[in-house]
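Written below as structure tokens is the structure these notes are about.
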Amino acid sequence: MIIVFKKDATKNEINDLIKRVKKLGLKAMVSRGEERTIVGVIGPEDIVRLHPLDVLPGVDKVMPVLAPYKLVSREFKKENSIIKIREGIEIGSEKIAIIAGPCSIESESQIDEIAGKIKEGGAGILRGGAFKPRSSPYTFQGLGEEGLKMLKAVSDKFNIPTATEVMDTRDVDLVAKYTDILQIGARNMQNFNLLKEVGQTKKPIILKRGLSATIKELLMSAEYILSEGNFNVILCERGIRTFEEFTRNTLDLSAVPSIKMLSHLPVIVDPSHACGKWGLVAPLSKAAVACGTDGLLLEVHSNPKEALSDGSQQLLPENFNNLVGELRSVAKAVGRQI
Amino acid sequence: MIIVFKKDATKNEINDLIKRVKKLGLKAMVSRGEERTIVGVIGPEDIVRLHPLDVLPGVDKVMPVLAPYKLVSREFKKENSIIKIREGIEIGSEKIAIIAGPCSIESESQIDEIAGKIKEGGAGILRGGAFKPRSSPYTFQGLGEEGLKMLKAVSDKFNIPTATEVMDTRDVDLVAKYTDILQIGARNMQNFNLLKEVGQTKKPIILKRGLSATIKELLMSAEYILSEGNFNVILCERGIRTFEEFTRNTLDLSAVPSIKMLSHLPVIVDPSHACGKWGLVAPLSKAAVACGTDGLLLEVHSNPKEALSDGSQQLLPENFNNLVGELRSVAKAVGRQI
Amino acid sequence: MIIVFKKDATKNEINDLIKRVKKLGLKAMVSRGEERTIVGVIGPEDIVRLHPLDVLPGVDKVMPVLAPYKLVSREFKKENSIIKIREGIEIGSEKIAIIAGPCSIESESQIDEIAGKIKEGGAGILRGGAFKPRSSPYTFQGLGEEGLKMLKAVSDKFNIPTATEVMDTRDVDLVAKYTDILQIGARNMQNFNLLKEVGQTKKPIILKRGLSATIKELLMSAEYILSEGNFNVILCERGIRTFEEFTRNTLDLSAVPSIKMLSHLPVIVDPSHACGKWGLVAPLSKAAVACGTDGLLLEVHSNPKEALSDGSQQLLPENFNNLVGELRSVAKAVGRQI
Amino acid sequence: MIIVFKKDATKNEINDLIKRVKKLGLKAMVSRGEERTIVGVIGPEDIVRLHPLDVLPGVDKVMPVLAPYKLVSREFKKENSIIKIREGIEIGSEKIAIIAGPCSIESESQIDEIAGKIKEGGAGILRGGAFKPRSSPYTFQGLGEEGLKMLKAVSDKFNIPTATEVMDTRDVDLVAKYTDILQIGARNMQNFNLLKEVGQTKKPIILKRGLSATIKELLMSAEYILSEGNFNVILCERGIRTFEEFTRNTLDLSAVPSIKMLSHLPVIVDPSHACGKWGLVAPLSKAAVACGTDGLLLEVHSNPKEALSDGSQQLLPENFNNLVGELRSVAKAVGRQI
């Protein structure tokens, strides 16, 4: 059960309710957002039903936790959420966000060169990994804090916001210091401690769908972040695991309109990881725009042949430029812009 | 075909295999690496498929190198195939085909009404099922030949070609008499006798991807039809089975550009069956057009609530009309037309 | 809705009910089993609710078709069904059936040699394919009727019943003439016309689970056969399709106790096809026995290296003999015998 | 590593690749077949993984030949590894380990009562969760350190070693202080930082297979732990995600003999989580023993109806006792003991 307070609820009103909840033998989880305070009540819902809480002063609404996710649901908030990244840059509005960059940060010159090219090519946000989740311990694991510093330097030089992955609860503060957007990778979608940790920052979070996560589970994981008070969550479809072998994963584009039905949060698509073949990135990007994505995560590398990771799915800057041009036409055809 | 030996394979084991390969009239290229020996077998792989080598002592694994399909492959024919349906109506050209109609033919008035509306709305081909593969023996199984006659009457009246499913080798001639296009349903994608039977007609065939078929297997099933002499095959992506529960199946739109890479055959998309929710049909149709589909199979029903099958995924004629309008814009944006 | 008549219901009572059902505008599907007559009523269930049928003379019970399968359900019949194959040979009793033989019948001497060996080794039923569903049109498709004749000859010589696959509605009578048990392969699990056709014979049917079929769908397909009056159905788990790549399919042994909960029909396991590696056949066979299977389908070949299909998963006769010995111990440990 | 060229690859393209391979210090073996050219690359595959070759012009596909894991492989160590837990208690030997206890530690009296009963019933190791990965933030998250203290107290009282999950890199030292075995849950199988962290302890680690992890990926994750110097790893099959809906997950028992082929590490099975229904736990446990498991993880609760998590899959102590008795017979039948 979720108790949502009115915007102007007083501290006293909130504390009164928490006391009452505890007296009933239930646990209260308070999350103070920028706009309002929300209290999650944990324990048998029957008890609460016998002791109505929505009549208490300051309370806006009481929502049963029958549907498993609450704060992320379209019921909870009718309008689309728009996540502000920086002045003039947001995700979830009419304008579709292009987030581009290499899979891994490899050197200052590499990230500098790519940043310049993708900004010129139309990207609004720079991506690049410093901590890389690799299935083998013997492959390149990312440059760590050195990479984050390179990313920050380039971000300042080109005045472009950045997104990068965080994999460890211990690194959240560190990564947050250097980047605008924290990314939770598919393998960590159900790393609940990490979700809570990023929920305690105010940073925008890109939450990627797990390799075998249902849409409902993705929304539940987002709920972890919102329940800690951070409502700046961007969901990301990046392909699910199936029996198909030609593509690395199966990009589930039906997740885009499905999430739009179920949640107010913006949703973006990462076609590069999903298909693992750069020749499929362009058609799938167009498809994503056509079915309503709020953004695209695109891997771009000046020299994919020499890339330290995922070379086979990275676009060349010139392909990227062409693609953005084509995407503009598709966006226009569905009433959006890039 | 590549044969990888175990680390501890003996010289004798390796020599035995090489002898066997040579006896089959094939060439063997041995390379002794630091860790193990690998033998490349050169020559038609079909011969090796008949004589399994992975059961021989010392062999770790056998890896085929060539695709097992031939006539359907892009290597066999570089240019896109265009399938003629009737004078002026074809699938695979610049113009995207809209194939619309009800899931099942229910009565002459029903199919007559819908045919008129979808033709007006922009459809070039009428679809409707007379033989219905239903998972329960206790649900409506289709009108059979009566339904085919209704379909033919309406086809003549509106001068619109038709597509309908055939489920039984014994019915191929019957169905071919009444319709322009024969459809093989997902459940029959590997009903090889049925594939051979329709391969002996000259009719255009829509071959739907099985619920858990890989793209390679879909192409292999098409190969059955082509190998009988019928090259008029249209492949159809209609959703695959995954763990996701919000949608009925997961529409694999990456199959569209993937098939275009691998084969010269046209490919169409059926978003209605894939998602099972009419609210998702419009965004997924736009996505399909954006990523290169040659056609769409859309379920349209004047009264979905009363439909004898699959009501929840069928569009109303007015929704269909709006959708075709939107699809025209997307098609234009990617250099196609409807 | 299913109407089950009492064992001693008269023809008149049955006909009266059918008339009444038709007068209500509903369709009646009559199936006269050996023990009793069952009528399936097709149409809106509300109508029947307003006109109770369970008060009519001769009617034992009326079961709503809310649960989608009926005749196969454990609710419909509490005791395990035992399917008689021949005098002294049955499937579903305390004794676990061993069904063994080659993937394909290749020649009379081949099937003769294997039949002798597997009978000696403890098999009660001989299997071997004459019609082979192969994903490529260019591979061995089976010997057809010639193969069936060889199977029959060997069956007579060794006095051993046989099982073989039927793939085409047109071949059901032919195959039924030569064999004791008809097998429906995984790819045809939802070939509903074929199910109806074998439902009209009185032969025992082995129905294999489709590659991506749920347990519920397997039971629904069995329902097609039972609803035609043939209650001699043996279900077969043979692996489902997942993302795992080391095994060809994933053998779902939980299907065995699950089916036992839901249905009265016997269930057998085919580990050979599921894993595709003969080294896994022995441990999985023991596991199948331990969790309650009523039988095993095992591929045995005197010379797997020369087999025309699926060589890598076929056991040698001596491995088969050893395995049966080990299975006897496991069977005894769980209160069964072989 | 094998590089397959496209049919129309040019001589220059092929020569370019060969030069590049040689520059990396690797050997290239060229074989020009009738249809296409294939190049075998000999030398450490890791080098090639860092320098993707499939993006080069003319290349059709790149096929790795060697397994990417080393220390966990059967080739690295032929004999089965036996992991010592305490004096006289080990996993991987002839004796099958029974690890039992509640899903969650709920109170001192609860864990005390269950510990006594399962020890009496034949369990050698006590399990119980203090940190619980739950898909909803609003459900019971475990007692944390309080729970660990309860577990330790009971461990001392009954002289029984314990296993409990660790979810956060920051908690590894804490959890290691209180328990004998650290467990990595399915959702954290690819939480690589957590794997490295437990790899730096010397504690035995139970590593559960991820919901959609292949066997290869499970072995790669184990490799992370071994590569940090901790060889005390026990792999655990706990069900994978498929389309089947009757069971919560699909227990992949073929993983047991498959892992035994590929690795020297012991493997245990958790049937409780996999099927989510206690009625299936007994048959699947017997199956696991029959196919070679080195241990079982069984959920036991004195009062499943009141359990704070996963009540429907927990066994009552009396069911547990009966089951252990039955498992002893099956173990004996396959030459093991409990």
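Should a chain be cited, it is by its letter among A, B, C and D, assigned in written order, with residues numbered from 1 in that chain.
Convention: a residue touches a chain if its C-beta (ideal position, glycine included) is under 8 Å from a C-beta of that chain, and two chains touch if they have at least 3 such contacts.
Given the structure is predicted, the values throughout are model-derived calculations rather than measurements.
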Q. Among all the other chains, which ones are in touch with both subunit A and subunit B?
A. C, D
Q) Taking each chain's centre as the mean of its CA atoms, which one is farthest from the centre of subunit B? A) D
Q: Pick out whichever of the two, A-D or A-C, is joined by more C-beta pairs in contact.
A: A-D
**Q.** Centroid distance [mean C-alpha coordinates] between subunit D and subunit B, Å
**A.** 38
Q. Can you give the whole-Å distance between the Cα centres of subunit C and subunit D?
A. 35
Q: Provide the C-alpha centroid distance between subunit A and subunit C, rounded to the nearest whole angstrom.
A: 49
Q.
So the centre of each chain is just the mean of its C-alpha atoms; given that, what is the distance between subunit A and subunit D in Å?
A. 29
**Q.** Junction residues of subunit C - those touching two or more other chains
**A.** 212, 241-243
Q. Which of line, ring, star, complete or other matches the graph of chains that touch?
A. complete
Q: Could you please specify the touching residues of subunit D with respect to subunit A in the complex?
A: 46, 49-52, 54-56, 68-70, 133-140, 167-170, 187-188, 190-193, 196, 210-212, 217, 220-221, 223-224, 227, 241
Q: Using the touch rule from the top, collect the residues of subunit A that touch subunit C in their complex.
A: 241-243
Q. Can you list the subunit C residues touching subunit D in their complex?
A. 212, 214-216, 240, 242-247, 250-258, 261-262, 274-275, 279-280, 283-284, 286-292, 326, 329-330, 332-334
Q: Enumerate the contact residues on subunit D facing subunit B in the complex.
A: 2, 4, 7, 29, 31, 33-36, 38, 40, 42-43, 63, 65-66, 75, 241-243
